[in-house]
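Chain nomenclature is as follows: A, B and C, assigned in order of appearance, with residue numbering initiated at 1 for each chain independently.
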Amino acid sequence: MTDALVIATQTLLLIVIAPAVVGYVRLTKARLQGRRGATVIQPYRELRKTFRKGMVIAESASWIFHVAPFAVVGATAAAASLAPVVSTAQPADLVGDLFVLAALLMLGTFFLALGGLDPGTAFGGMGSSREMTVAALTEPTIAIAVLTLALTTGSTSLGAITGTVLKTPAYAIGPGHALAFAAFLIALIAETGRLPVDNPSTHLELTMIHEAMILEYSGPYLALIEWAAAVRLTLLLTLAANLFLPWGMATSLAPAALAAGLPAIVVKLAILGLLLALLETRVAKLRLFRVPELLALSFTLALLAAASSFFTK
Amino acid sequence: MDATFSRITMTAASAMLLLSLVVLWRRHAGAYITAFRTQSIALAVTGAIVASYGAAPELFFVSVMILVVKGWIVPSVLSAMDAKRQGGRELHPILNTETSLLVCGALAVAAYEISRPLAEVMNLPTRGGLPIALALIFVSLFIVVSRREVIAQIVGFLMLENGIALLALLGAYGVPLIVELGVFLDVLLGVLVMQAVVYQIHDTSAD
Amino acid sequence: MDLIVVLALLTPPFAAGVLALVLRRAPARVAWLNVLTMPVSLIAAGAIAARLATGGTPVMVGEVWRIDALSALLAVLIASVATLAVALGPGSGREEHARDAEIRTFRIYVNLFAFTMLVAVSTVNLGLMWVAIEATTVTSALLIPLHRTKASVDASWKYLLIGSVGIALAFTGTVLAYVDVAATGVDINVALHWTALREAGTALHPQVARLAFVFLLVGFGTKAGLAPTHTWLPDAHSEAPSPLSAMMSGVLLAVALYAILRWKVIVDVAVGSVFTDSLLIVVGLATLAVGSLSLLSQTHFKRLLAFSSIEHMGLACFGLALGPLGTFAALLHLTGHALAKSATFLLSGRVLERFGSGTIATTRGLLATAPHTAVLFAAGVFALGGLPPFGLFLSEILIVKAGWAAGHPLLTTAVLILLLIAFGSLLAQLHRMLFGQPPPGIAQGERTSGAVLLLSVPVVLLAWLGVSIPAPLQMLLSNAVMVIRP
């Protein structure tokens, strides 16, 4: 019983704070650029506004168009339930491991791409094809990067990985770990559609990847998809923080420990968000044909990380 | 203590390998030179770490030499060479970036496999970095072979030298001093001679 | 006494090079002085060789220099070819129209080149040997574009880059071997000494020794023109000025093979000789094939000679893998090749000068135009083709015999066929050059000159070698074989 409660709480935590994370990144970016920026809770307001709006649906849209937002939200929430947020004693380890997580993320991307293709608009198709190109290269990278950790720790369950790395910090100093972290970060940027792969606040359709897929969506559907995107960002940031730098996490499910582990994840998310904002301010968007090069680089890094972990046990 | 030493040197060695991968990704000659300079600094740092943990004080001298020769003099010569280069800013390698990166990933895995028996017979704590050094050698070889422009080939060759120096460093805490000095002299002379020949290439192509 | 002899060997070229560097204003005078300094090295090398041929102990000075029979053989070859090259280079009367800057550059680098080669074969420290061989690349690369043509500059770059990469790979092999030896606890200061490595050979781990030898073979093989890293050779040797081509083809390739041999001895102690022999057979055969088959389609006579070098190096490499008889034959082959190739290249320089072009099609009627040069050139090419009565015929027969004796009948037949193809191609091209109508506008006739007389010496020596190997040389060669295959 408590297991289900813990899982539900962690998932809800991620889902609830996701828009705040997005708002925090936006605010930091604005401050770095010398603007005042909106407050951290602005995305909540936007979501509330979007939920209330009416929907205009294209005539050529089929049932896929209607199902896609829910599929995306469902897949992302399910993936969020597998991530260790506060504690390394993750009950969800019995339900799924890193491969299930990667598959769920891919499922969400898949349905989003279908939803972009469905109305038959040019920009939607273009966005979908670009998204699938990027996803085809990032999913293996994420899988191999986390597999590197699995090789050193001997288990593919996420909670077990974080627990083992926490217990033996010597695992964390090493080329395999650092390379996998770098590869994971690059894949994160690509998966969540941040600069330099994709500009989340662009309005130029020809440069869009993620935004082009959701151009036809409006009203509650749009709100659901935006929320799912925010959850995906938060989920991946949490994974980056907890899988590679698990210090501060609780090691049991005792309420006191859980409460002590909460500030750790908040701090780590804040730091990662700051780094993300710094990166976005610093680099320009890559030309589209350079994106596969960047992703090939991250895949090679992940491959190197796995090789070094495999060969030097 | 030994384990930490081993892992730190392995991390520094991996940084060097990563910098040679960066060369595959960037297309600007200046980026090549910066990558080489940073890699040489990483090599000097690795040398200093090995010198302090491994109680080999002459390596401090070697690290300083690396810093001066490969971290300062050679990149300056390369930048001067690049400034005189005609032709566009972008470099055009023979293989495209994605394929190059994947080939180098495969080369790195091959290097790990080849050096597995090697690392087993060594007994120094730094032996874990031997595969990385061998991978760096293979990747640098690939860089030399797959570049069209002369400046890129030279940077690839210099990275090959860095890889071999790393191999010597991690495998046996460096080679005897006289050989080390000879190698430095050769690298310096080699680069100067390369510069002279490259200038001649420019002169004769301009006609 | 040893010190004096080693100094007499090494100082003349070094001093001559430095002198040429320092004395800017009288390059012609420096050139004539140079002609006198190189024979000093030759005499010193001859003295050392004589001592070692009669069973003397290796010449040793300090911890650095050790000249045994193998080193002495190569030192004599290097010094002889260098003497020829400096006597017939720019500034010593032959090319009167050479510019002062060219004369000076030539004299500086050709002497330093000879010095580095002599150091490479005289030192016992394999790390220092490596440094010297790297230095040979550096000093010769600057000389190839002496006449500043685009082709020669491109050839020089190719040589420099491929040679440097190859040398770097050889260094990888050296480092791998050093890493292994250092782990056995031997004194670090002598860890790279050939004698110490040979002694510690049984303590080397087999896998490391094998991996190191592969790197060393590929690396030094690049400098020796072995396939598949031979691609720089035709361009570099054909575009270089003839004295430099003579030195590079005649002895530099042999020095690279010498380096491989030194390491072969060590690796053979560690893993037995089957491994290195098999590798050498494969590489030698491939190189021989590339050289022979390429000879069929050559249109420039200097490129023809360059591919002939590749062919001969392949054959020598093959011979080195065939036990003591094969090694003896290969060393004899290297001796004959040094003489033949250097003479032929220097003569081709005279042909080039007379005809103004390097293509075979436009150098017809050589016999009528310059009879002395033609006869000597023909003799050189005959020798390179393996025709009796020249020395190379003898060494080729011995290698074939060793191949049969070592139990490789099929491979040896292939070698024989390839040698016949090379023989045919060389003779066909020579025929085209010697006979026919000379092109208009070429000066006819030739007076006897010092150069021709000098170049007839190696040809006569080759003929002598083919009739019967002089006893001192035979003893030197036998002692050298004892070094390699004890």
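Throughout what follows, a contact is a pair of C-beta atoms (placed from the backbone, for glycine too) under 8 Å apart; a residue touches a chain by one contact, two chains touch by 3 or more.
In this text, all values refer to a predicted model and were calculated from it rather than measured experimentally.
Shared contact partners of chain A and chain C, listed by label: B. Across B-C and A-B, it is B-C that has more C-beta pairs touching.
Located most centrally within the structure is B, per distance between chain CA means and the overall CA mean. Averaging Cα atoms per chain gives one point for each, and the point farthest from that of chain B is the centre of A.
Distance between chain A and chain C, defined via averaged C-alpha coordinates, is recorded as 64 Å. Mean C-alpha positions place chain B and chain C at a centre distance of 31 Å. With each centre defined as the average position of its C-alpha atoms, the distance from chain A to chain B rounds to 36 Å. Note for the complex: chain B touches chain A at residues 3-4, 7-8, 10-11, 13-14, 17-18, 21, 24-25, 97-98, 101-102, 104-105, 108-109, 112-113, 116, 119, 128, 131-132, 135.
Those residues of chain C lying in contact with chain B across their complex are 125, 127-128, 130-131, 134-135, 137-138, 141-142, 145, 148-150, 153-154, 156-157, 160-161, 164-165, 168-169, 171-172, 175-176, 178-180, 182-183, 188-189, 191-192, 205, 207-208, 211.
For chain B in complex with chain C, the residues that touch the partner chain are 114, 117-118, 121-124, 137, 141, 144, 150, 153-154, 157, 160-161, 164, 167-168, 171-172, 175-176, 178-179, 182-183, 185-186, 189-190, 193-194, 196-198, 200-201, 203-205, 207. Within the complex formed with chain B, the residues of chain A that make contact are 170, 173-175, 178-179, 182, 292-294, 296-297, 299-301, 303-304, 307-308, 310-312.
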